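What follows is a pair of complexes built around chain A, which joins chain B in one and chain C in the other.
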Partner chain A sequence: MNWEYIQKYLPMYEKAAILTLKLGVIGILFAVLIGLFCAVILYYKVPVVKRIVAAYIELSRNTPLLVQLFFIYYGLPKIGIATNAEACGIAGLAFLGGSYMAESFRSGFEAVDKIQEESAASLGMNSYQTMRYVILPQAVSVSVPGFLANVIFLLKETSVFSAISLMDLMFTAKDLIGLYYKTTESLILLVGFYLLLLLPVSLLGMWVERRVRYAGFGT
Partner chain B sequence: MEETILTVKHLKKEYEDKTILNDVDLAVKKGEVVVIIGPSGCGKSTLLRCMNGLEKTQSGSIKLREEAIEAGSGNLVQIRQKIGMVFQNYELFPHLTVLDNILLAPTKVQKRDKKDVKAEALKLLERVGLKDKAGSYPRQLSGGQKQRVAIVRALCMNPEILLFDEVTAALDPEMVREVLDVMLELARQKRTMVIVTHEMQFARAVADRVLFIDQGKIMEEGTPEEVLEHPKKERTQQFLNIFQFEKVQERKIS
Partner chain C sequence: MPDLGLDVLWKGSNLLRLLGGLGVALRISLIAVVISIPLGLLLGTLMTGKNVILKFILKLYLEFIRIMPQLVLLFMVFFGSTRMFGWQPSGELSAIIVFTLWGAAEMSDLVRGALISIPVHQYESSEALGLTKVQTYCYVVIPQTVRRLIPLSINLITRMIKTTSLILMIGVVEMIKVAQQIIEANRTTSPNAAFGIYLVIFLLYFLACWPISLLAKYLERKWR
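After this line comes the complex of A and B, so read on.
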């Protein structure tokens, strides 16, 4: 083990980790928005749109992120849309994550009894108020464990960003291995940094899941 | 003569070519307590749900004073604020405390001042013996307590009429009483109420008028004494007999 090497290239990993985190967080934010939108469409069974949403979900879930990234990165310029690698990474993650988020929110919506809607309606609430104050809070709290599992999954998926030459953690490790052949050190740093990013999310997930499962509302 | 609050005229409701309600007429006056009884599946709950626009109807009309109540119509949101409904399974919002359950609609829908509503809610909770539960979540309450909260929640909207849909049917026997007592109290305050129930003793005590519904039709209607004690129609007698038990000993002798 060459500690000097590790020390020397630590800052590169730090930079890469920040990029991974930045793209990951922004991508996941968009994924959440897409997911919520899709789940609401599916919940209200909006005609036509719900079919488009269903098609999107199947397309997104059944193709690898790498393929999606290639389509966005190499495909969009062909039809005249200028892109940069970062935007493509975010778009790819949002495209993939949107469907996973949609599915976990949908299961949350399904867990809310239909009669809760009638209960809200009988109090004179309109459909927006019913969604905002009655359905959504219940649905979201049910989807929390699934949501956090998705966050971890999507953060890990950022490792394919290197394929579109984004200098994320994976890219940095591969780059350094190629340059100096210090495979062990580079990979240990890689694993270490991923753990650093993901373990906190994972622990948070375990804590939240325990709360949701055993306590529910009221403790 | 008291003014009529709710009018049902020639109401017809069909569901998948089954007639659920057939030509139902009903007028509820201010301060009146109408109790609807009948066998399960007779349409009594459906009738109640129609009064709140929760069910689509095929023909006929329901009016709260002069306003038509019709499922899917735009004015439903306004009308429902004047109609309180209490469900069989309470349907409190599980993610909100008792107090927040009660405050939600008055503050968000009626845009009333939170302080005022809170004071009113706490007063009502005290009346039903649940002031100390204001901060609890529904899952921490018993069925009877939940149902009393649901009643307070409906009351806090200051509705003109209250609809009760078999509100004690899901409760353990010892909890039925506490809920019925609250409803008796409301009747004493001259609240206008339509109650669907299987509690015949309670119906006798609370009702100004009893309706017996069978096969989607009002078969018999009158004071509790008339309908429950001296029913004229054979069908009503048959139904009420379900609630009577012959002594086993007497049957053995004969």
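After this line comes the complex of A and C, so read on.
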């Protein structure tokens, strides 16, 4: 074990971790927006659009992110849609994550009984109020554990960004292994930084899941 | 209509080569699934047991494998084992090792979840009916667990197939790698091949995973 080496290259990993985190967070934000949009469309059963949304969900859930990224990064420029690597990474993560988020939100909406909606209507609430005060609060608390699981999943998936030459943690580790043959140190730093990124979210997820279970939701 | 570079597919045996690449990915995931399902069943059952130390070790293993991106695990086995044990596994072997370890961890968590989702009163009722421990498991617990487990394990297979796309990064020649070779070779004659070929790969992965997902969804609905 070479501590000097670790100290020397720590800043490189820090930079890479920040990039991973930045792309991950932006990508997940877009994924949440897409997911919410899709879930609402499916909930209200909007004709035609709901078919497109369903097709999107199947397409994105049944293909790997790596393949999606290659298509976005190398394929799309050939028909004139060219962007930089960072935008491609975010777009890929949002495309993949959107469907996963949609599924977790949809299961939340499904968990709210029809009777809740009817009771709200009989109390004289309009459809906005029903959504805002009755359905959303219950749906959200059911979908929170699934949502956090998706966040972890998507943060993990960012590890393939190195394939489209983004300087993320994987890229840095592979680069350093190739340059200096300090395999053990590079791998330890890699694992350490991923733990640093993922462990807090994972612990939060476990805690929330327990809370939701106590609250009697999600049974 | 711009040139989408789809004609490259029909040149020589390009399409067959692509399918061969998919075959490599499918073979690796099949081997990993076949080993990891029984392993996961065993580990999952052990996790519901009473031995605290064993449970702690298993939990540590499970959480570590699940929290690390699969690509990191691949790097650890592929690059790390050479340095640490002086043993150099091929890319394919590393992939099988990683996906088996990962599959077993995921599977054991599914098994544990299915086992603890059986309410205590099921055990108590069986006892009240005078069933022995073996009878309780054979006739009451296992049938209920299996019903919950089968759709979830089928889903695990699709996840496995999707994750095998990562083996590109440790130098195994699979579908994306073959695609890169084809695109490079035809760079001058059809410069737009990247669009067509990557689109085809996207669709091939979809066609490999979608039927399996549908089956899982169907079983889940049927056995609810």
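In the analysis below, the second predicted complex is superposed on the first by the 215 of 219 C-alpha atoms of A that agree within 3 Å, B and C clash if a C-alpha of one lies under 4 Å from a C-alpha of the other, contacts with A are read in each partner's own complex, and residues count from 1 in each chain.
Just so it is clear, a residue touches a chain if its C-beta (ideal position, glycine included) is under 8 Å from a C-beta of that chain, and two chains touch if they have at least 3 such contacts.
Remember, it's a predicted structure, so these values are computed and weren't measured experimentally.
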Between chain B and chain C, more residues of chain A are touched by C
Just checking: does A:63 make contact with chain B only, chain C only, both, or neither of them? Give me first, second, both or neither.
second
Query = With the two structures laid over each other on chain A, which partner does A:5 touch: chain B (first), chain C (second), both, or neither?
reply = neither
First (chain B), second (chain C), both or neither touched by A:190:
second
*Answer with first, second, both or neither: which of chain B and chain C does A:30 touch in the superposed model?*
neither
If we overlay the two complexes on their shared chain A, which of chain B and chain C does A:173 touch? Say first, second, both or neither.
second
Within their complex, chain C touches chain A through residues 2, 4-5, 63, 67-72, 75-76, 79-80, 82-84, 158, 162-163, 165-166, 168-169, 176, 179, 183, 191-192, 194-199, 201-202, 205-206, 209-210, 213
Chain B residues touching chain A in their complex are 52, 54, 76-78, 80-81, 83-85, 87, 89, 91-95, 104-105, 108-110, 136-140, 153-154, 157
Listed in rising order, chain A residues that touch chain C in their complex are 58-59, 61-64, 66-68, 70-71, 74-80, 152, 156-160, 162-163, 170, 173-174, 177, 183-184, 187, 190-191, 194-195, 198-199, 202
In the complex, the residues of chain A that touch chain B are 113, 115-116, 118-126, 129, 133-134, 137-138, 141, 216-218
